[in-house]
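Following this line, the structures themselves.
Next come two complexes built around chain A: one with chain B, the other with chain C.
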Partner chain A sequence: MGELILKNINIRYGGEPVVRDFNLEVRNGEMVSLLGPSGAGKTTVLKAVAGLIRPERGEILIDGYSVQDLPPEKRDAVMVFQKPLLFPFMNVMQNVGFGLRMRGEPVREARQRIQEILALTQLGGLEYRKVHELSGGQQQRVSLARALVLKPAILLLDEPLSNLDANLRQQMRELIQEIQAQTRITTLFVTHDQAEALMISHRVSLLLNGRLRQVGKPRELFYRPADPEVARFFGARNFIQGRVKDGWFQSEFGTFQVPQGFTANGDWLTATIRPEDLRVSPDSQFEIQGEIQKINFEGSATRIWVRCRTTEFVVLTSEADFFPGQNVRIHLPPDKIRIFPPDSKEFEKIEEI
Partner chain B sequence: MIGLARKIVAGGVVAAVILPFIPLIMWSFSNRWFYPDLWPRPWGTRAWEYVLGIAGSQITAALGRSLWVAAVTAVMAVVVGTPAGRALGLYDFKGKDLVSVLLTLPVIVPPLCVAMGLHLWFIKLGLAETFGGVVLVHLTFCLPYTVFVMWGVFSNYNLDFEDQARSLGASTLQVMYRVMLPLTFSGIVVAGLFAFLLSWSQYLSTLIIGGGKITTLPILLFALMGSGDRPVAASVSIVFVVPAFLALLLSARHLGRRSITGVR
Partner chain C sequence: MTVKSENSGVDARTRPVPGGWVLVRLMGPALTIVAVLFGGGLTLGLLQSLGHLPAAGAGVLTVKHFVAILGDPDFLHSLLLTLYIAATSTVVAAGISVVMALILIGLAPRNRVVHFIFQIPLTVPHLVIAAAVAFMLSPTGLCSRVVLKLGLISSSADFPLLINDRWGIGIMLAYVWKEIPFITLMILAVLRHTGMELLEVGQTLKAGRWQRLRYIILPTIFPSLAAASLIVFAYTFGAFEVPFLLGQTYPMMLPVWAYKNYSDVDLLARPEGIATGMLIALVVAIAIVLAQGLSQAARRRGIVL
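Up next is the complex of A and B:
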């Protein structure tokens, strides 16, 4: 079993509030990632669950029991740090067996479990290696094995991939995913990499400035961001404002149908469209006229900044034959427009950033 | 080229350690050695016969006492110096600079002043002319060094290791014995060695506080030096140097950069 509930967590660090009113539920067997830019308070939340930081307010429940007053060693939640932190005076086997030894587990059973975990993490045959003889990826796997061998109710991973190079990171990500699927261990995974979070987790929770902004399935966060800030975090750059009238969102770039359930009428709202959904063409087939300001060739795609009246749009296109100063026309496909609900009017705030 | 240069430097270092011993050894194996003779004339083992024979029991007793005082001082210096160094290395607090000045005070103030000043107090406290009193006065000279060494060790210490260990189920005590101690072991050995050697070579403070009752090897050595029998003084000096040299050799593995830089 492994079910984690965080209720109204508030954490201060040196007098400053780092995490505010944080609520999250991680169900048994689920892999949830805690996503956010660096300094958003992700690691702080993880340390609070592990018991290494005491929240100022709020409650942490593991399998329904409050662990508020339990020291880290008594909590059934094990944290894996960003750095492997392998004990240099122990070999691989002793490192992996550290937790079992602390618990006073019988040697024979411990050995068997260590062997199982080493096989699972593809470390078989390295039992007696010294830590400094291992590669970065191997060290990270030992660090993971050291936590997994304890079969904790909750596994807490703090950016375990961020120290690895791109190739190794992909391999390690797949390994973590595989192990999680196999062991069904409840996992809270911290990362600042949105692609990683979307790829690896069942659900993603986005933390910005110490506040939880949205929780949901990866596709939900990506295609239906709760507010402009969330959209911006996932790469949205085009924001337009418009007024709602009789179920239509009217802006200077077109009129779009408002989704059902919107009660707003006469209100100013914000809408967004992803750079890759915008269409651009040198011909006159589209309605909005603009001029290319800047072009960035990114290989598989080209990023184009198009100024249309006072608004600058960012377009991601697979065609590469544009040039700065060119007059083009763009099109906003109505089905790709995301209009934010009235309670998320934070457009001005965004502009300041 | 680099290999040769290295060999020359290494040879020079070894020579600098070994050469001063040669006259000492020669003196100890001489019966008489007067100016302008280049060699002792005649050679002889009179001094060693005396040191190992008639004075043997006296010297063995002094050797044992010296070892015991130095060992107890070193252990206490490490036991006190390690937590102090940890606090100084890991945490920032008001008055940290003041602490470092205060720590160097016993080293800066002439040992005679420290020993004489403490003597009055030790008489009042009944510590004068006792084993404990001598250990305490040695500690005033040894502690600054152990604290400074451990300060260095802990300023490079990564506390995440301890958090990781706790998360893996280690209790506070287990974290101390299974993580902190092994991680800082080399530094602790170096700090202990410093304290041991400093205590081993204390003369003045032992004389003042011990009042001649706690006859450590240096006390005996100075007495023999004063008597003017050079060959005997030389052989006692060798007896005096050997344990210190052995202590150095035993801990050689832990000396060097790694021990003081700690673990990241």
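Up next is the complex of A and C:
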């Protein structure tokens, strides 16, 4: 069993609020990622769950029980840190067995559990290695094994992939995913990498500036961001303003149907369209005229900045034969337009970040 | 910040570390001065201890002075006393330092004042400390007068002998007071660098308070604690001024004994004084090599000192 509930968590460092009114629920067997840029407060949240930091306000429940007054060693949650932080004076086996030893598990059972976990984390044969003789990837796996061996109700992973190079990162991500699927261990996975979060987790929670902004399935956050800031975090760059009238969003780049349930009428709203959804063409088949400002060839795609009157659009296209200064036309497919609900943040606000 | 020496040359991101010969050439001038002054002195001392004493007309090298002192009961008494005082003060200072470091890391960084006060003994010379101990603890010293005033003793003769005493208490007090900050700061550096993070790891891996002390803190600080203790031991073994001021007349600590022999009117005692000095130097050298070895090993494993 492993169910984690955070209720209205507030954390300060010396008067400075770092996490504000944070609510999150991680269900049994679920892998939820806590996504956010560096400094957003992700590590702080994990440390609060682990018990290394005491929230100023709020409640943390593990399997329905408040763990508020329990020290870290009494909580059924284990944290894996960003750095491997292995004990340098112990070998691999001793590192992995550390928690079992602290809990006073019988040696024979402990040995067997350690062997199982070493096999699971692909560390078989390295039992007696000194930790400074391990590669970065191996060290990170030992650090993971050291936590898994305790079979905690909640596993807390703090950017376990961020110190690895691209290749290893993918392997390690797949390994974590595999282990999680196999053990069904309830996991809160912290990352600053949106692609990583989208790939690895059942649900993603986005933390910006100490506030939880949206929680949902990866596709929901990506395709239906709650507000322009969330959209921007996931790479949205094209924002247009429009006024809602009788169920239609009217902007200088077209009129689009407003989704059901919008009550706004006469209000100015913001809409966005992802760079890869915008269409661009040198011919006159599209309605909006523009001029290419800049081109970035990115391999599988080309990023083009197109100025249309006072607005600059970013377009991601697979075609590469454009040039700066070229007159082109663009098209905003209506089904790709995301109009933000009236209560979402104003467009002006996102310019600050 | 650890540099894996085997890989660092290959890794383009790290600055290449100058090879051995480059270092020797760069440091050549400085090394030469050290070699001449220090090595020259040692060589000369070694020659004299081996009986090369041109002024006395003796020319043949011999180990008879070493044999003589090793067979001298006075030397053995001095050696035992020196070992006892150096070891005891080192162990006591090390023990107190561990506690101090744990207290300070708990206070830090809130309490700068404590840190500041703590660093004072580091800068005070041993000679001054020895004088202070004499001033405080002699039979007519401050402490004696205070307890006399309080009526705890009836005359200053009742005050326990704490300096120039049989057990070297005054000497050890001076050393302990002086060396605690040094050892403590060495330990603190390690605790700050890796210790605190490892403690958090240990906590989340279900280690209780005492388990963290036993299985994380002690192993983490061990290399630097041992290295610092060895250095302190080497110093207390070979230092002269504190036992000269606070020691008794018999037996003397080795450095004092060596000095007495060396400055004896009898020129023939001189090689024995120097031979004693050589033995002291040998013990000190061994301690320092051991300390270096410990630091190196720790650094290789990623514990930075």
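Everything below uses one rule, namely that the second predicted complex is superposed on the first by the 350 of 353 C-alpha atoms of A that agree within 3 Å, B and C clash if a C-alpha of one lies under 4 Å from a C-alpha of the other, contacts with A are read in each partner's own complex, and residues count from 1 in each chain.
The working rule: a contact is a pair of C-beta atoms (placed from the backbone, for glycine too) under 8 Å apart; a residue touches a chain by one contact, two chains touch by 3 or more.
It should be emphasised that the depicted structure is a prediction, and the values quoted were computed from it without experimental measurement.
Asker: Look at where chain B and chain C land on chain A after superposing the complexes, then choose clash or fit.
Answerer: clash
Asker: Could you look at A:F323 and tell me whether it touches chain B, chain C, both or neither (first, second, both, neither)?
Answerer: Neither partner.
Asker: Considering only the touch criterion stated at the top, classify A:H132 as touching first (chain B), second (chain C), both, or neither.
Answerer: Only chain C; A:H132 stays clear of chain B.
Asker: Where on chain A do the contacts with chain B and the contacts with chain C coincide?
Answerer: 47, 50-52, 71-73, 77-79, 81, 83, 85, 87-89, 98-99, 102-103, 146-147, 150, 156
Asker: Could you list, by residue number, the parts of chain B that touch chain A in their complex?
Answerer: Chain B reaches chain A through residues 158, 160-161, 163-171, 174, 178-179, 182-183, 185, 263.
Asker: Which of the residues in chain A come into contact with chain C in the complex?
Answerer: So the residues of chain A touching chain C come out as 47, 50-52, 71-73, 77-79, 81, 83, 85, 87-90, 98-99, 101-103, 130-132, 146-147, 150, 156.
Asker: Residue numbers of chain A touching chain B in their complex, please.
Answerer: Spelled out, the residues of chain A in touch with chain B are 47, 50-52, 71-73, 77-79, 81, 83, 85, 87-89, 98-99, 102-103, 146-147, 150, 156.
Asker: What part of chain C is in contact with chain A in the complex they form?
Answerer: That would be residues 4, 194, 197-198, 200-208, 211, 215-216, 219-220, 222, 300-303 of chain C.
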